[in-house]
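These are the structures, in structure tokens.
Consider the two complexes below, in which subunit A is the common component and subunit B and subunit C are the respective partners.
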Partner chain A sequence: MSLWVDKYRPRTLDDLHYHPDLSQRLKSLAATGDFPHMLFYGPSGAGKKTRIACTLRQLFGTGAEKIKIDQRVFMTPSKRKLDVNIVQSNYHIEITPSDVGIYDRVVIQEILKEIAQTQQVDLNAKQRFKVVIINEADSLTRDAQAALRRTMEKYMSNMRLILCANSTSKLIAPIKSRCLLMRVAAPDDEEMLAVLEHVAKKEKFHLPEEAATGIINDAQGNLRKALLVLEALKMQSPDLTSNITIAKPDWETYCSKVADMIVREQSPDKVLEVRAKLYELLAHCIPPTTILKTIAYCVAEKSDEAIRADIMHWAAIYEVRMRIGSKKIFHLEAWVVKVMSLTKHHYHGISLSDDE
Partner chain B sequence: MSKAKEKPQLPVCCGISPASVSGSLIRVFTSFARSDHQTDQLWVDLFAPESEEDLAVHKRKVEDVRRWLVDALDGGPGGKMKKYRRILALTGPAGVGKTATIRVLAKELDVELVEWRNGMDDDFSNYESLSLKFQTFLERASSYHTLSFTPTQVSSSFSLSQKSTSSTAKPTSMAPPSSGAATPHQHRKRRQLILIEDLPNIIHHSTRESFHATLNSFANSAETTACPIVFIVSNTGSRGEAKDERAASGGGRMNKEMDDGVDVRSVIPKELLHGPYVIEIQFNPVAITLLRKAVNALLDKAFSSSSGLSPLQRPPKDIVESIIGSANGDIRSAVMALQFACLVDLEPGGRGTVKAITQREQSLALFHLLGKLLYNKRYGDPEEKEKDDVPPYDPPKLPKHLREEHARRLSKVDANVLYADSPVDTSLLSLYVHQNYTQFCDDVDECEALVANLSAVDTIGEGESWFPTTNLLPHSFHMLTLGTLHALPSPVSRRGQKTFKPEFFDVLNKTKDAERSLDDVRCWLEGMRVGGSGEEDGQDGASEGGGGAWGKDVVVKEMGKVLDGLVRSGRGRFLWFEPRSFKCRRSTLENTQR
Partner chain C sequence: MFLKPQQKQSKEAAKHAIDPALQPWVEKYRPKTIDDVSSQEHTVTVLRKALTSTNLPHMLFYGPPGSGKTSTILALSRQLFGPENFRTRVLELNASDERGISIVREKIKNFARQTPRAAENDPNYPCPPYKIIILDEADSMTQDAQGALRRIMETYARITRFCLVCNYVTRIIEPLASRCSKFRFKPLDIESTRSRLNHIATEEKIDVTPEVIDTLIAVSDGDLRRAITYLQSAARLSNAGDLKVAITPREIQETAGVVPTATVRAFAASLGIDSEDPTDEMDVDEDDTAKVRATFRKAQQQRGFDDIKSQVKLIMRKGYSVAQLLYQLHDLVVQDSLITERQKSNIALILGQADKSLTDGGDEELQLLEVALKISQAMKDIS
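Coming up: the complex of A and B.
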């Protein structure tokens, strides 16, 4: 039993439902034997990881699909032990640096060194190199990125890197210039519909059109989300009748509640209430940038057009600060209070001008 | 192996005699340098307390320590307590009489103190590491007694009788003389106490580990004949900005963990400290009344006719008072200052001089500091009708374009003084300010300015160094305090504000918990993906890849409903989180137990 997302994930480049030109390019790259370092980027749920897996299969054959999970222990310079789960096959190794927080440099260095120093022993292997996949490369710390750039050149002979990121803006330029950039765009509505119907057909049920459009609208180009929602709905009401509603995730409703609070009343006491909610969200592992973004969209929707631009401007500023600083709550709260202040002044100004 | 090592040595010698030798050398040296006059000896040593009455320690504390010692040595009622009275830790600030208490009580109970001293070996041929030495010291000290070389204890009836005849003309009998000479029988029974004041270098990681191991084995050894240990650990309230400055001087973040100075928690391993074998007794700073009593008693003693201090003037009362006031509960510094005041001619109004010399660095209590910041007192506040409410100088005027928004009355808070006195580092202080500032603001705008400043301080703090910011780190304290003072309203309206400890750490712990269960869920998903298909005998048994591992964010953001559904349909073998209440996200994975 696995989730549909996994179960019906395309295995080969030919199976992919959309972006055929991209698949073609990847196929020819894999054929040349001069495979470069690569950087896949694009919105989440667009199919980056799927394409990476397909490319691996193209490179190494079915052997790349035989994966195992290892638990490895790394030692930081300050003698702290890190347990990291690592997914690997004979031909590749996959790491998610955000699992180890600020110690990613240590883990990346260790793994790369290890891979780079061991030759491919399998004589039947199609390629002489191994592949290291780094997921969520945009969450790599600056230190880790700096550590990567040298390794990328030095160990080119028996190792290739495939980075996977949402946006290239958080990667340093030297890394971007050493990789072949591969943008995976989100599928459009028709492509998503095709995939959903494909899954429905495989699972042998009928997907009503209304449900499909509902799911697609909700997912906003995130195919993974669409498939997950579809499966959840199917579990909820097996016949997928038209009167079902797609509930938002709990944290999103929670965020919109916070937005309501911000818009409704602006006072120091309210700041305290909002802070409690923000803490609650953080305690549930919702990434702070996501919190900021979601609340910002909600607040902007509920606010007057005149201050929307400012709200977003400050959201951007505090997102950067969040990245630089260490105490996320400060920056979240700073933004909330800024918006409160903006809102207050805006409406204050309006009521004054009405009086005149 | 040298012969000396195999032989049981006298414990004091195991405790690295070179140090004690050098200690006595120093004493010889000072005594060589001084004239015959008694005034050159430090009063702290000269008038060290000899009985419980002399101690400037609260009676109850002394009683606590005594009870422990009696329990440890005699076993308390029924003799059962002895097992649990292995280690005593006396903690507290410097100069509050921890060591003096132990010494006085040891004398009172007739216990021999065996002390450990760190020392250097000049003999490198058979070098032994300090931690190893400590271990052997503990072993030997707890199982052997001190050898005595004083002739009185080499008991021969001859010397005994001779002594007694020389002192008083009492006819010799079997009764032991009341002087220091004990009979051999008594001597063997003389009990011992290990005093550890000087610690091995426990900041070094592996030294600490072996030190802890030694202590553990000491505490857990069933041998009840071994003598108890007393630790004396002074709280060296680590000062906030030290870390900032070290980071700025290029130390980087690597030594962050070395920053937590020596306190009882690093000396004694955690499980031991909370275990049954260790008792911690905390000493508080000496109360003013006790200090005054002790100081006056000392002065009486010093200037009584019998002592040789007659050429000196007894310091006037106001100087004594100011010394007591500025000693900050540290009797050692008070006595030192007193001696100084006697030696130096002070003009009658010399309080300032005394204060400048005697006052030692003290740190503000955290909440006091916080109050200073958040109440934002300025010259000319309405409710302050005191005579010193006049600004000492006129602050320079702001340029016109800034005046409307940024003009403030002169603050009574000096950021430089706060910086010097702050007991915590900037990062922690900022958390405290953050937790409490809203109560002190009247308006969102003030909040806005304040929290914007906090956010800015955090960015030049110790976050990820995307920019070379570490040079700014020492400025963060001033930025925090001055920015906070600038943003707060003036005067701050008083409405019975209560300051709290930051929630930040609780949330951090909760987040970590949640992350752990999140990892469990991800493992489970991974297992489902890799191994699950074989289990369900639908597909080929090979573990199949494709796609990557589930990212944390994805699981958190997108999978809630699906996992909900899995649980409800009974397919998932774990509890994700209660759907509506947005509460629990703990997973109980039967999967992982298998």
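Coming up: the complex of A and C.
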């Protein structure tokens, strides 16, 4: 019994529900012998992985679906051992190099060299090359990206790369220019509705309109989330009547509670309380950027129009500092204090002197 | 058209060698002789003399990417030595090869001190009695490695010539730069880019309209390599499979990862930058534009925090790259005649800060929101 997300994941390019022209392109590319390196980018839950899997199937047939998971150990030059999980079939190999942090370069070089040196032995194979899929390519370090550069050209004869990223901003230009860019936009509301209804039909139940719109609004273009929510709702109330509420994840309600505290009272005591909550959130492995973003949006919503822009401005600044710095909590707290002082000054009618 | 026959062929023939049809066009159409090099007249004249006089100084080529630096030196060495001797006489190293100080001390030094073997007399090639070491992307060499080169360059100058190729001449240490005669490569002008692209298009037998070429030139910024790569990707897409469609300017933009002009313009409009709609707009993304326009028109009247926020969310959902969007926004702002000088400089400041933040790894959505809010503030301030 698998989740609906997996159960109804399209398997072939023809089954894909939206972006028909993209599927068409992928199909015709897979048909020619001239398959380029590719870079799929788009927001999460838009269907990048699904498209990659479909393309693989189109390229190699059903053999590409027989996957096994391997654990490999790599050695860094400083004799440190890295454990990496690798998903592979006879025709492709899938890695998430950003798992190993700054050592991603070692993993990439080892794996690519290994793949490039082995020829396809299966004579029945449809293609002579193997495919290497690199997930989260945008969190690769500069070093690793630079290492990819030459390898991509050199081993073109028996290897193709498929990169999968959320955005191209963090990829260096030489990589972008060597790949065929494939933008996978999030589905719009009608397209999402179509998919939800398709799933409902397959599961043989009727999807009321209110429930559908509720789910779509909540998911913000993230189809995976939409399907998960749909399944959860179906579990809760099998008839999906109109008075259902979409439960927010715990951390989101928690964040909005923190936002409430910030807006309601600005004092050193409150800062202490907020800090406790922030620690709690961090301890539950919520990414600090997500915490900051969610709280900032909540605070902005609850504050006066006049200071909203400022709140976001400081959120943007402290978010960058958080990336550069090493201790996340400092910057989260600094932002909280900043916002508190902004709010306080605003209500007392004192304009802040420009301290930038 | 040209891809179809090769499809069958590739299964049989490709086992032996790389099918020329599968070669990147950038490699395939690299200039064979220095006279083929586009729009670098000055350099070519000087180098032609070197060909006849068989005397060559150390050289330093610098200029923006895709202006033909590597092509020029490769073509020159090929013309000097011919295909037979090319392997033994030329050493090419680029940034992805390991190039620390140890390599300079061993590999480069060893190669530099070998006395070149006398070549069989081939009347077609002068084959002068020296070797060439090409250091591609020399600006990414460490200071130490560059320092180690200094003496090597002088000691073996009789039998070895160096050619340093780089983007930023300031990253080459002064002692090295002063040992070389410098050649500056200009970004390609529009005319030579156009003729080159047209040449490739005819060779590959693909139909391209002048508009497509114009778009290619616009998105590639004088970088011929990028223009050719995009052309190849677009040709691949339109030619692949059974159906054959003409290449459209929109397709070029999509392969280049460029945000459609209409979207950028609409986004700018929602921030208060009202650029008049030019009639020569060529990349109308039919289904999107009308919808996007309508929502933006509405937003234009209010421009509150919530509107801007929803605009930003919309853009993020479309999956465009924020860095690219900022770049295009900048172009739009600079060219707009209705914005005052002061506003322009303010906006430039905002964009600059955001770009830095993005490079530092900042969150795209937050940065875009920040830029949007700031710009709309800047536009309100004076107007």
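Heads up, the rule we're going with is that the second predicted complex is superposed on the first by the 346 of 356 C-alpha atoms of A that agree within 3 Å, B and C clash if a C-alpha of one lies under 4 Å from a C-alpha of the other, contacts with A are read in each partner's own complex, and residues count from 1 in each chain.
We take it that a residue touches a chain if its C-beta (ideal position, glycine included) is under 8 Å from a C-beta of that chain, and two chains touch if they have at least 3 such contacts.
From a predicted model like this one, the values you see are computed outputs, not experimental measurements.
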When the two structures are overlaid on chain A, which partner does A:S267 contact: first (subunit B), second (subunit C), both, or neither? first
What is the contact status of A:K277 with respect to subunit B (first) and subunit C (second): first, second, both, or neither? neither
For A:H17, select first, second, both or neither according to whether it touches subunit B, subunit C, the two together, or no partner. neither
Who does A:R72 touch here: subunit B (first), subunit C (second), both, or neither? neither
Touching A:M340 in the superposition: subunit B (first), subunit C (second), both, neither? first
Looking at the overlay, what does A:K27 touch: subunit B (first), subunit C (second), both, or neither? second
Just checking: does A:K302 make contact with subunit B only, subunit C only, both, or neither of them? Give me first, second, both or neither. neither
When the two structures are overlaid on chain A, which partner does A:H313 contact: first (subunit B), second (subunit C), both, or neither? second
If we overlay the two complexes on their shared chain A, which of subunit B and subunit C does A:G42 touch? Say first, second, both or neither. second
Shared contact residues on subunit A for subunit B and subunit C? 323-324
Provide the residue numbers of subunit A that touch subunit C in the complex, in ascending order. 24-25, 27-29, 31-34, 36, 41-43, 46, 128, 146-147, 149-151, 153, 156-157, 167-170, 176-178, 180-181, 183-186, 220-221, 289, 293, 296-297, 300, 305, 308-309, 312-313, 315-317, 319-320, 323-324
Residues of subunit C that touch subunit A when the two form their complex: 3, 6-7, 10-11, 14-15, 18-19, 21-22, 24, 94-97, 225-226, 229, 233, 236-237, 239-243, 254-257, 304-305, 309, 313, 316-324, 357-358, 360-367, 369-370, 373-374, 377
Of subunit A, residues touching subunit B in the complex: 1-3, 5-7, 9-11, 44-45, 49-50, 52-54, 56-57, 64-69, 77-79, 85, 87, 89, 94, 96, 98-99, 102, 133, 135-136, 141-143, 164, 222, 224-225, 228-229, 231-232, 235-236, 247, 249-251, 254, 266-269, 271-272, 279-280, 282-287, 290, 318, 321, 323-327, 329-331, 333-334, 337-338, 340-341, 344
Given the complex, residues on subunit B that touch subunit A span 205, 254, 256-257, 427, 430-431, 434, 438-439, 441-448, 451-452, 454-456, 458-459, 461-467, 469, 503-504, 507, 510-511, 514-515, 518-519, 522-523, 525-530, 532-533, 535-536, 538, 542-549, 551-554, 556-562, 564-566, 568-569, 571, 577, 579-580, 582, 585
